[in-house]
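Several structures are given next for inspection.
Look for chain A in each of the two complexes below; its partner is chain B in the first and chain C in the second.
And now, the complex of A and B:
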């Protein structure tokens, strides 16, 4: 299993860079992960989404899809794409330190 | 006193469940009631063929009540909401139905309005869906009048019913325009939010290969934010644009509206969270869900609904008898994928095993993940099996609920 170092701590990630163990994540790591994704500086709305992602993961065991994020996070899908241009569900999951959302079959 | 089992929805799942239940209980032990908003049972897999003139819309519809066996009560009225605390269903005509067991079988609903512009200018002129009867019939007329240009087939987002159907549409469109002698004038593309042609890796690669063979471009990770019919453009949330002359869109799906209006019953999209092996609702022990309405990680398909039925009915019996539930539903799905030119491919999978090559159900059966004429005949035969075996709640020949492993090539597959 590959590892990465964020905020000086070694964490386990999958080959696409998603956290395997969400408990290894700390808030201090988020800005660094974001920078690697091309997002410089996390704003208040970014944090709102990141916290929402972690809460959803804790409750349901998987991150929400973009559509569910748009319906329930309080941030519209358009704004979500402005915040996380590479795709909110995946990018925000990565920055929030949760595994890649399972999605649908 | 007789227990009362109320089934919400009289489509594939509601009908086969009602008929199976009727056989497994004496009438004095259990009353079986089915509620549906209309009396038109549509054979939905047939919708794929309507646009190409390979089936007629009116041939796919039969009266719902005729599919329900003697001793089942049918209420034709919209469902308004469920009070899961009081075990009561409220119907639009004011009727209140109490129940001992509730089965949610109300399928999924197309939410075309949720996508900006989709039902605006151009809807049913150059923007279509074949996912309902009226749409499939309208698309048939539009295809007949089409004499060349850019055709895009777009899945807005998952989950959708029968996730292979839009791919089949592409394969059939390639065949159809070829038959009409205008294939060289038609530019076909398949536009998906996924990162490949399909969700599961081995099948995804095979299906991408087929698209390429048939000259259909594959555009991935496209999240449609807007459909501009007047301008002939699909616009993604990240502001990419795809131009079209004719768009065939599979709209967003949700569960039935009444589920969302029933506190505690559904998830964000109106699907009912259930234990994926017993189909018992997380919300309450006397509620079960089957078919498209159930939030389980497998395809929303008639075959899935059929396989679920066997386990569900056994669990309703066990629940009423106070016995532990049977946790054996394995996510089994079995889909024929029509590829045009009288051929089809077959995929068979479950929660743990992705679609693999080999043969179904044993090594001398139908070829898996490979085009063959036999599979096409299988797909055609499914229509008659649907009305005469699946809805009556009979087991299909050679097919149990659990996914067969024999016949599958499980190692060294790429």
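And now, the complex of A and C:
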């Protein structure tokens, strides 16, 4: 299993760079993961989404779909795609240290 | 992954529920993966972007063997509506939005929504008849220019 070093800590990731063990993630790692994804500087709305992703994962065991993000995270779908251009559900999950969501929607 | 798709252009030519959803799911899924997507609504697919028709798209209950419903039964009044309603309930449980909301959502993801000029002319429509998410009414040539360098999916 590949590993990556974020904020000076060794973490287990999959081939695509998603965390295998969400508990290994800390907030200090998020800016570094984001930078690797091409997002320089996490803004307040970024954090709002990241925290929502963590909470949804903790509660449901899977990351939310973009539709759920748009309806309940407080950030609109339009804005979500501006914040995470490579696809909010996937990219935010990676930065939030949770597994890649596997839904089709 | 050496080969990655960067752009898709999806043509929607059918106006039935089962003809429309796959294309919308493909388009939304493309944007979710960071793939650029443009949708081109033509012929009966135009109903999807038609203000007064988008909320009335039904599953075909006649000539649809996949439904495993006797053709004579499928042709009875109301059967199409009942089947559509049944499917809509199942889809909502899976977090698949109704068609109208889905198109709005796909537009919000940054995908381009276009109507086919030949079809708009054929059905004697104007841009005012179409939902606001439609960016433009374009010709086949303009579509090909837009699709250049990407994959084209016809549904």
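Just so it is clear, the second predicted complex is superposed on the first by the 103 of 105 C-alpha atoms of A that agree within 3 Å, B and C clash if a C-alpha of one lies under 4 Å from a C-alpha of the other, contacts with A are read in each partner's own complex, and residues count from 1 in each chain.
By definition in this document, contacts are C-beta pairs under 8 Å (C-beta built on N, C-alpha and C of every residue); 3 or more make two chains touch, one makes a residue touch a chain.
From a predicted model like this one, the values you see are computed outputs, not experimental measurements.
Novice: When the two structures are overlaid on chain A, which partner does A:102 contact: first (chain B), second (chain C), both, or neither?
Specialist: First partner only, chain B.
Novice: On the A-aligned overlay, A:67 touches which partner chain: chain B = first, chain C = second, or both, or neither?
Specialist: both
Novice: For A:76 in the superposed arrangement: first (chain B), second (chain C), both or neither?
Specialist: So A:76 only meets chain C here.
Novice: Could you list which residues of chain A make contact with chain B in one structure and with chain C in the other?
Specialist: The answer is residues 65-68, 77-78, 81, 85-87, 103-105 of chain A.
Novice: What part of chain C is in contact with chain A in the complex they form?
Specialist: 25, 28-29, 31-34, 94-97, 105, 108-110
Novice: For a test of understanding, state which residues of chain A touch chain C in their complex under the given definition.
Specialist: Contacts found on chain A: 65-68, 70, 76-78, 81, 85-91, 103-105.
Novice: For chain B, which residues are in contact with chain A within the complex?
Specialist: 157-159, 163, 194, 199-200, 221, 223, 225, 237-238, 252, 268-269, 297-299
Novice: Show me the residue ranges of chain A that touch chain B in the complex, using the header's touch definition.
Specialist: 64-68, 71-72, 77-78, 80-81, 85-87, 102-105
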